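Once you scroll down, you'll see the structures, which are given as structure tokens.
Next, two complexes with chain A in common: one pairs it with chain B, the other with chain C.
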Partner chain A sequence: MLETLGLMGAGFINALTPINLLMMAAGVALGIIIGCMPGLSAAMGVALMLPLTFTMKAETGLIVLGAIYCGAIFGGSISAILIHTPGTPASAATAIEGYQMTLQGKAGKALFTACYSSFWGGLLSCISLYFFAPLLAQLTLKFRSAEYFWLSIFGLTIIAGVSGKSIVKGLISGALGLLISTIGLDPVTGAKRVMFGQAYFAEGINTTCALIGLFSMSQVFILAEKKIKARAQATKFSDKMSLTRDERKMIRPTILRSWVIGNIIGLLPGAGAAIACFLGYNTSKSFSKHKEQFGKGSIEGVAGSEAANNAVTGGSLIPTLTLGIPGESVTAVLMGGLIIQGLAPGPELFGKYAPMTYTFFAGFVLVQFFMLGIGLLGCRGFAQISRLSDAILIPCVTVLCCVGSYAIHKNILDIVVMMTFGVLGYFMRKLDLNTAAVVLALILGPIGEKGLRNALKSSGGNPAILFSSVVSWVLIALCIVGILSPMFMSKLEKKAEKEATAGTAEDIEKLTEEDSV
Partner chain B sequence: MKKFLALILALCMVFALCACGGGGSAKPADGPFAPDGPVTLIVAYKAGSGTDGPARILAQYAEKYIGQTVVVENVDGGSGSIGWSQLAAADPDGMTIGVMNLPNFNSSIVKELGTYTTADFKAICNHVTETSIVIVRADDDRFPDLNTLVEYGKANDGQLKASTNGAQASNHIGAQAFAKSAGFHYIDIPQGGTADQLLSLRNKESDFTVVKLGDISGQESAYKVLGIFATERDARWPEVPTLGELGYYDQWLGASRAIVAPAGVSDEVIQFYEEALKKTMEDPEYIAAAASFDTNFLDHTATAALIEQQQSFAESLGDDFWNY
Partner chain C sequence: MKMKKTDIGVIVFMYLVCAYFYTQTIKFQADSQTYPMFTIALLFGLTTLYLLQMIVAAKKHGVESGVDTVFKDLQPKQLLVCLLGAIVYVVLMYFFGFYISTVIFMAAVLLYLRVPLLHSAIAIVAILALVYFAFGKFLGVRLPVGTVIKMLR
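For the complex of A and B:
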């Protein structure tokens, strides 16, 4: 144990060389830029930088890649908050509350919250990386097809949480998303489904394209429809960025919960930061003492989502480093980097190559501080974007949406799909349907379908396999809680509201009537 | 102030446009061919994918011999067919070449995902060849060797489970060829990719699986290699028998990645790249960087033959193969 601690300490000393520090700063900055540009993903950034790391020392190379990864996951929140355009699907849930804060002139505060929670999410995830990696890797091995199926069902219960007033409308939106997620080659038989004769649709609708359309393009349509006016004059802009002591205290438990969620999701190959941010967001809402603020710009919502997606980073390194099974494309590239340096994932990384591994871990910890520093420095500047008039924002965001979706595959069809989802999103919003539920279902649908069908396939069609493990039962219990708690809570709230406002309800009604006249 | 911000925003977008632009113009050349601008290497899979990594290493070290920058362009989607369609339609001026994944390329033709055929491409050379292997978990005492696996499979027909990297994808073909030749049935569990496929073996959902040698690189201690889909034993795994030795599938099976150009290019273009890439693959610096995968240079004639052979193999896999 003492020896391990010594190695950990030595790791920090090794990581603190000038070249490593410079590389961390550069990697984080590059990552943030990549992350906030819709269409450019962390995986792309890491893959493009990989050849440059061949010439570096193994640990320096890995630290650069880790820095880009963390930076990009945080960077996605910047555009999500400012222009309702999540830079990556990992920030989709951040857009919900973050953009509301921007509309209220609190963009600076939202960005600060995102940066602060990303920092803590990332930093806390290092704890599990340092101390529990081999143990947590065992959890990765507990998830088979049936467990993935229940995980996706649990994820879908969030629809009830993000639906706002009408759960029925949330369910309609979710069902629509699930339906759209069936487009493409059947994952089990390889049959073509609803592909309109286009090979383009073989891998299904691209989530990022749909996301940009549903969140950003539809926002543009809605803005454009209104009489264009200078927003800077319409809303007050608050220069106050930092959180008060009370606010920090308020989001502390949220960050802790999101850390756990993000870490567990990170452990599961194929799940990823997009699911973690929704789960983190929803959990922050369920536990919040200020539920009324959700949907209207809640700090806790932003913190819940951003802490969770950055906690995925440390978590996802665990199966990569211990089992040699990368959970997503970013960690796959990282593993490629390891192998090229002649290092094999597995126990040796913690034995023979421990000095290198702990230097990388130390670098990963330090990267979080760079992310906080660079993020906070940038926040003030970025926040100014929210002062721009809609007349400037509308064409700019439109261009960003088109360029962003084109950048994914360099395929013009991506822009067509994005625009289609933009129009769809516009009408959905007009009908009070929920665009976030569609995105959620699009992400979770394929995981659930593959999980269910593979589970039944391996059991010869016997559904008992879905109920045959402890993990399954835990997830089922979570599903039940997930479905029932919003209903239960809303009843409680209504009751409380009724009691509180019994006397003034009529007055309010009168007032609103006057308003609408 | 506002104008300044708008300018910054505009600059960001210019940056984004540049990021996805690239490529260069080219003039037709007389005499021996040499590219006069950046060469584009189309990879039909995502940045960071298994195909992308080795292609980027090749591109990086090939620049010395090609004399120009080589830009890897990831055109993914449609199970690779989007990228190959784009390559088939590219200007045959020698400025655009690409990576062709065998047998995925051939499957995409059989599945009618693309409108191209093998005639729309001209082979330059082969880059990587990975041989398939049958593996089980290292700690699975039930199966010390391939014969016990087959006996178990026959005794419990239709009970063994094998994860694959997708329905009818390369490793599914391997598992199917093995089981068919050995005379037992199994349940295939299709996963999204090789990482998930290996996880499905590690978490005991599957009993055995077929992957390529390179897929378990660095992870050899976690798995037991029971057999190799080759006509002779591999020098690095001398103790692993070939499937043919034991009386099962006796052909080579695996995956190759060829470097090809659109069909319209001149022979000079093919000759130029064949030579440049041959030199690249013999470069000690390249060899050091490429240690984790199996570089296998074949000249353009052998590569063309390989593409055709893989095509007729893919076409021969009818219903009697998939539902034997």
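For the complex of A and C:
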């Protein structure tokens, strides 16, 4: 206990270095900009910024990525409130009440509520990160080769089922990723495998290039295929960005409830901020003493949605850092960042690398304060940036994708690989295949392969070893749950969305349409 | 749910990937075959399962094209220009280096997408400055100089 407290304290001291603070501020600002632009997503932003973190210390790199993640989730609410277009799906519910408040001339109040609730949601989620992450990491100490194989399969079943319309298609995406992960030299014997006759592929597919291609470059093609339209004018507001003491008191229980909801949703692999915002909004409506205000600009509605989506951030880091199972696209990219730094999720992060991990946690706490400050001070400016046309974004993001891929090994072939994955990602997204599953499979593939082959080697080739321990059976059971959970999640999301939008059906129809872009 | 014709493309693509990797994998040493064979079998099995699902859906609910929903509001010319532009950009970068190719690529795409000249100029300068300071100065990345430029030097 004392040791943990010491690590926590040391983490804060390390996180408070000028370079870390500077990176937090830059990451949050960048995240908010990415989040408030309706064409860009948090996963895309984090993927695009991955190469910039290569030369940084591991903890600083992770803090930057965490800051972009938190900033982007909050940033989505700015365009949701001011131009009625959620920057990210996580702010879809915020747009319902937020825009109504804007129409009533209370945009400043709505933005303050979003920022204040996001801050508390994110800050409180750090408590569970500190508390649960080390406990869960201890579990993985019991894992041997066979268990690591099943863990990699579990990770895939979880992410493969998310976000797509067909679970089988999600699983196909994961299997495709596993197959791509076998490109290059055999990791155990060093023998040649599929390399397309190029020595370049000896080390396999560069995960970062694949990440940038699948998340960022494919988004460029998605933007390029649509007719470029001018964005709606951001509403100029003159009301004060603040809440009265009574209003703050009123939203306090809402924030606490949304924190619990967001955290649980974050912990559950397969769920995400988009589900949390609707559940948070819905719960705030159910418990509100002013139900009549919902649909007409309720600050409780904004607070419920925003606290819940930001509470997801800390929660979703728990399975990512401890088990290596990211529950959604952004955390899959974050895990890629962790692995690129030469770190592996699991007990080592809380043992050998504990100072680094606790510095990242402390940084994650401090990021919430930066989000509050930058969010409140820069709302007006960010609102203008959110109107940036897709026509400008297309070439700019293309250039950044190319430079980011090149920066890794200073090899133009990396850009070619990124571009190939960009085209693959575009078609995958169009045809409802899951790009996050491919990325995760590229990361988990080598872990699973080593686990499988070492297990078989130790048993003299007898596959029964894969089913010989209780932990293996628990993981197999979790794989089955992982495959079935998306059906439950999709019902939960639909139910929450239906209840949340009762009476504002037209509104949400418009939002969903814009969201799918 | 109706069967979508576009999904036939997905299935054909996955079978082709399986076939390619299988023909390559059988050439490997026995020990190196284990895991790739496992993943090929997995992908093949799942694709076949999806094919069966599609056949059942076709029998129960019929068949639809899927193209109109998958590529709704598609601007093929614009997409193609951006895609080809990106490919040409990489080729130009190889020959003429990062800065020249970036100016040509961005100016061409922005002009095609009808962005006002002033906005285009600001975007190009901003990106070049960002890359120069973030990658060139901060990360110390030597951006591609280009074979032609190298020769001229």
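Just so it is clear, the second predicted complex is superposed on the first by the 273 of 517 C-alpha atoms of A that agree within 3 Å, B and C clash if a C-alpha of one lies under 4 Å from a C-alpha of the other, contacts with A are read in each partner's own complex, and residues count from 1 in each chain.
To be clear about the criterion, a contact is a pair of C-beta atoms (placed from the backbone, for glycine too) under 8 Å apart; a residue touches a chain by one contact, two chains touch by 3 or more.
A quick note: this is a predicted structure, and the numbers were derived from the prediction, not measured.
Participant: When the two structures are overlaid on chain A, which partner does A:189 contact: first (chain B), second (chain C), both, or neither?
Facilitator: Once the two structures are laid over each other on A, A:189 reaches both partners.
Participant: Give one of first, second, both or neither to describe whether A:123 is in contact with chain B, with chain C, with both, or with none.
Facilitator: The answer is neither, since A:123 touches no partner chain.
Participant: On the superposed three-chain arrangement, identify whether chain B or chain C touches more chain A residues.
Facilitator: Per-residue touch count on chain A favours B.
Participant: Should A:344 be classified as contacting the first partner (chain B), the second (chain C), both, or neither?
Facilitator: first
Participant: After superposition on the shared chain, which partner residues are touched by A:224: those of chain B (first), chain C (second), both, or neither?
Facilitator: second
Participant: Where does A:141 make contact in the superposed view: on chain B (first), on chain C (second), on both, or on neither?
Facilitator: Once the two structures are laid over each other on A, A:141 reaches chain B alone.
Participant: Does the superposition put A:419 against chain B (first), chain C (second), both, or neither?
Facilitator: Second partner only, chain C.
Participant: Looking at the overlay, what does A:47 touch: chain B (first), chain C (second), both, or neither?
Facilitator: first
Participant: With both complexes superposed on chain A, which partner does A:176 reach: first (chain B), second (chain C), both or neither?
Facilitator: After superposition on chain A, A:176 lies in contact with chain C alone.
Participant: Once the structures are superposed on A, label A:389 by its partner contacts, choosing first (chain B), second (chain C), both or neither.
Facilitator: both
Participant: Return the residues of chain A at which the contacts from chain B and from chain C coincide.
Facilitator: 51, 54, 186, 188-189, 192, 389, 392, 396, 399-400, 403, 406-407, 410
Participant: Given the complex with chain A, which residues does chain C contribute to the contact?
Facilitator: Touch residues, chain C against chain A: 6-7, 9-10, 14, 17-18, 21, 24-25, 28-29, 31-32, 34-36, 38-40, 42-43, 46-47, 49-50, 53, 70-71, 73-76, 78-79, 81-83, 85-87, 89-90, 93-94, 98, 102, 105-106, 109-110, 113-115, 119-120, 123, 126-127, 130-131, 134-135, 138-144.
Participant: Provide the residue numbers of chain A that touch chain B in the complex, in ascending order.
Facilitator: 33, 37, 39-40, 43-44, 46-48, 50-51, 54, 140-145, 185-190, 192, 199-203, 206, 232, 269-270, 319, 323-327, 329-330, 332-333, 336, 338-340, 342-346, 384-385, 387-389, 392, 396, 399-400, 403-404, 406-407, 409-411, 450, 454, 457-458, 460
Participant: Quick one: in the complex, what on chain A touches chain C?
Facilitator: Interface residues on chain A, with respect to chain C: 51-52, 54-55, 166, 168-169, 171-172, 175-176, 178-179, 181-182, 186, 188-189, 191-194, 217, 220-221, 224-228, 389, 391-392, 394-396, 398-400, 402-403, 406-407, 410, 412, 415-416, 419, 422-423, 430-431, 433, 445, 448-449, 452-453, 456.
Participant: In their shared complex, at which residues does chain B touch chain A?
Facilitator: For this pair, the touching residues of chain B are 1-2, 5-6, 9-10, 12-13, 15-17, 19-20, 46-50, 52-53, 56-57, 60, 73-79, 81-82, 85, 108, 111, 113-114, 161, 166-168, 187-192, 195-196, 198-200, 202-205, 217-219, 221-222, 289, 291-292.
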